[in-house]
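Before anything else, here is the set of structures, which you'll find just below.
Shared between the two complexes below is subunit A, which pairs with subunit B and subunit C, respectively.
Presenting the complex of A and B:
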């Protein structure tokens, strides 16, 4: 696995270095749409790694070779502090996954450009000296492997290798991603709650058709807006500007208020957050239904946003995006909607990641449809 | 006459969609039963009153989303005889399907630049200039090829200006015969010429008072009218055709042209003094074919728009079809691209729009692309250090420049970077 690419010149978003870590961290939370896990520990590991090896090439999908093989690495499950991954487990599982093919791997990609799965593949890529591809298969955070563009495009993820938190390896060969997800999930929950995975060896020509382009650089651009946000209105202006010129679409402020209640819905795996409006929305109430990620939002009992569009929360005290585990009653927040890329909005994708896929009995209404005059 | 009237009434009853016909003064001359039930004409009037600054008769066909009490997508067809605007038809589209909901987002308003999509540095610069000068009263000259979105820019400047609550009045100087243009711009007094209304009529400048007037295709204005326009710019007063008194107007002028005004000045076809007056802030909008990285963004933007307006599921282009769109030369710029997307969504029922579904002019471009890539093979022999250096200078050091060079050499961008690194350039 030798890959040395010395880039020079104008590659602001082409060659990652230390300056990318913080933007990607905030971007990974925003694109997590409430979920995706917190990748703070990875920022320390990455900082250290970039001190040793200062840059990592980020390849545009247009730049990858049709005949070359590329692989994914990532984390699944809930991380426990005592057994945080170090990235080195990624090297071994990647080698194991690679042993099933004859050629080399020319680069890595992530399945999920959100939460921990933005930073972890960068760490592993740097450790194994491979470039990372600027794209992913979810465009946001989702909890399951079949919620990827691989599944919608009827492409498998094998070979697929998991390493659990105890350092055991498992080679999974289910071609059906839904079955693969079940097996992987069973292993991970039985063996300590989290695992690292590698696999989905795919030719460049196929990846060009499967991955959503430029989601990593978009996460960084998005994250930059949170670093020195200035005022809230400046933050919103910048978010709108960055998101407008992306494959997502313009971010839209859905609500501003104070979190009144955070509740679990008994017997089912849903949580709700109730936000009471402030200022101009004083008499309004906003509700978000959560199942891992923020899935459906209502303003005064009318639908205000729906999965796969992203519903992200910004803490108005700090002007930073927050995951659902950080939410507290009394917190002053702004709820921001971000349209999902079109690849997630198509009928064959909605079947697996639209509102009905999560048990909601109503058809998907996109942000662009709900706020048509804002967008067009 | 009676027969055809009754026939039309009966036929349109069976269509299931609302249809209304309006004359050139926007007065209702016919509506079918569904249009009556949906209150189509009044809702259209409410909408146009709300957005007085927009023009609804400059394009032959476009879509609107009426609001109140619930959103209603409609299509508008404008009719012309030669250059004369005759009136328009309003059609509801898919009225029986679920209505599109359209709440206003909490505190954010469309700032006018929302629909100007692209990351091209020259486009971003144009937006930045427009944003900066919008709150001032400076005259603006927008230059760019046809279809690049000059009117969108002009509207955005108005929306961001202190005059945003005033009217935005657009007039296409090339679309109106010279004899009529003067009275269109400055209005006329009653009975000042044959066919004139006895009450007289205010011109666009009067209508744009406290707002912005957008003079599109100003390069096509006759020199005699240019002299009159110059006087208005200097005196801030107009005189109606056939009138004797001067009327003060407080109007910001934004003009646009796709013609080379400097050349027209040389030929004596455009007044130098007027040019300096209107060209205080020049804004250049780049052609779409020179900003290929923006094509995919625009494709996505319009795919979503027309999927919603046509009440269809979201669809996208196949990888191959998208590649073709990226390399097509887009002589008609963003307008042509928008039309192509609407066309493709109409004729294809597949979730993935394939090359076969593209309009013929784009499919034909495959052949020329193939030919040029064959030519490229000849130059794809690896250049030596000096040759590569020369080529890099020729194509500029920007990423776009390198992409173009890589394309010219028929190699990937990564290979080009490898060569650059190898030669230590």
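Presenting the complex of A and C:
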């Protein structure tokens, strides 16, 4: 991966190019914590786009202008395997969102630096020739719009435009993000299961307060460790090294084993994965509760990790991170925990993204608390 | 005694063998040139080994047809590819494979046939193709799994405009629920069609010269046999068949139901896993960074003889069981070592192992259907319908099986349409 630096006034501008695609792809899966969707098709589209326009500026939060307007683009719903966004719908919805303000948009940002919502904003930004901001509003994957730092910071996301998979447009104006989420979700689920969105036009000064910084470049650094991992022990060492020097926290190996069962819990949207231990965990069992993303993990029935900390799974046969849709019974896996950025662990954030927000009755216990001797 | 005639077709040579279960009565190696040129190859093999054509109940072929992709890429072929989708998809199909080769794919983004502009769009495209002297068209439409009519209608429109000029390769015949994976399968299979046809032509010619009219089966990568017609349509299914024959053979030869097998492959060494006498497979495999759906054996590779510690690490990663399992070794340079915690059993003969693998491979037949369910009991009715359909196919093709069982899968395609299901019924059995 190359960090092209271009002088712009007093700043050195970071430029993304083709060499960022693969690291971002693997990083996006790891930060998806089991969910977030698989962005493989976007790697093809981006590869093509970078062939036409080789670089895209990536702005640090301190590089954005306080008075300028910035917008988000992204995908929501389950990406289906038959029709998928190509980036052009993003241009149209962005234009539509922009029509509500008089000034120009000076850059794009993503709400979710994980899964499909890392590569998709890069694709649209390149198509419309705007820089992308190195930061996001989730620091990982979450299923709903109100699980963003915008909500915790009491900032709205309007104007908000959705394009469904059939090419229809919807202008949403709910200031309350929870209401906006309900309306958007209804549209998306009724119209083919996925949609592209644009909006959340926000001044630079506010974004500096709201966004979690440098999550895009972190995803790329993280993803780099999966490209030629060598052995599993080298992979773990590199993951620890990269995560240690980040806003997150040092990654920790939670468990190694073989997936014994993948089960759906009837009538509620929960799934469980049961992993039987191997190596040093031979007599242990690990269970992960899933609702889109991996939310709570138990080792021998005791809590081993909790949302918003990330619980990601690596396939030991390929040494690559995997989404939950790729898991199979009999697969040999390692479960890795990654502490969430501080912004997600504050009390006001935990109310909306902690275990209780998903219906779990106990308080959040961080990885640092659960593995005290490892971290301190 | 009746047995199976095995053709093990490798890059430079061909092994002919005759046997039954674990007994090999004859085994000879020939150059690949004599396979293509000598009509009487089989006759002389029979004479030398005291066999007659009446002793042959079927023919089993071990041939990894996917290995001929590179050859096809340098023939200088041109193919038109129609992508039928809601919006244009702007990247080159199967680019990691076709980049810098003589094979040219001319991709056209077209709208659905019910679109009023579609006919005009197709006419313009076909006229352009004629100017480029391209007469082969691959077609992949979104949702072809549930609406094969889109592709059929496109072909119909093309035929109305220019009758009998173009040859069509539609994607709906593959029943793969993912546009991009279907695209990979469609185009890679196209690249293999000529080599597959030519192999079958040589095979038919040789069998005819010995008056053999028995069914022909191919070994698939997943370790099961399918009839020739399926392979003519989907040659990619034979990917890793050679590797699989080693896995099956080692397992049957030693009577080890679960084992790790070390297999030689030119300058490489592969490690594969057998569970309950079947290769452990993944649902996807890769060819030059391209993803392919389907069941193909998992493996770990080494470019040189691994050190004991590296081998031990790979064995641990592959081994799904607690404790060690037998390691069946076909690589002479790998020896038993006190530091290796796995029981290592060396097999004496590579060729025989492969033949035993093919002789013992089970037969499978899959029938699939996509339909909407509106009543609880419909699932059972569909299952019965597919079972009847499978039995009819077996009867029609004169395939007799023992130890027969079936597996029924019902996968909800809710993300495509409410109540939509993809049903697959697979019949397993042993050829009698």
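The working rule: the second predicted complex is superposed on the first by the 363 of 376 C-alpha atoms of A that agree within 3 Å, B and C clash if a C-alpha of one lies under 4 Å from a C-alpha of the other, contacts with A are read in each partner's own complex, and residues count from 1 in each chain.
Rule of thumb we're sticking to: contacts are C-beta pairs under 8 Å (C-beta built on N, C-alpha and C of every residue); 3 or more make two chains touch, one makes a residue touch a chain.
Because the structure is predicted, anything quoted here is derived from the model rather than measured.
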When subunit B and subunit C are modelled together on subunit A, clash or fit: fit
Contacts of A:199 with subunit B and subunit C, given as first, second, both or neither: neither
Contacts of A:115 with subunit B and subunit C, given as first, second, both or neither: neither
Subunit B versus subunit C as contact partner of A:135, first or second or both or neither: neither
Residue contacts on subunit A - larger count, subunit B or subunit C: B
First, second, both or neither for A:35, with subunit B first and subunit C second: neither
Touched partner set for A:159, first subunit B, second subunit C, both or neither: neither
Partner chain in contact with A:373 - subunit B first, subunit C second, else both or neither: first
A:167 touches, of subunit B and subunit C: first, second, both or neither? second
Three-chain overlay, vertex subunit A: subunit B-subunit C angle, C-alpha, nearest 10 degrees: 120
Smallest distance from any CA atom of subunit C to any CA atom of subunit B, in Å, after fitting: 16
Subunit A contact footprint on subunit C (complex, rising order): 85-92, 95, 142-143, 145, 177-181, 280, 282-283, 291, 298, 300, 313, 316-318, 320, 322, 415-416
Complex interface listing, subunit A residues touching subunit C: 40-41, 44-45, 47-49, 78, 80-84, 86, 88-89, 165-167, 193, 231-232, 258, 278-279, 282, 316-317, 328, 330, 332
Partner subunit A, residues of subunit B touching it in the complex: 65, 67, 71, 100-110, 114-115, 117-119, 294, 296-297, 300-301, 303-305, 308, 313-316, 319, 351, 397-399, 402, 412-414, 417-418, 420-421
Sites on subunit A touched by subunit B in the complex: 5-11, 14, 59-60, 62-65, 208-209, 213, 236, 240, 244-247, 249-250, 252-256, 280-281, 299, 302-304, 339, 341-343, 345-348, 365-366, 368-376
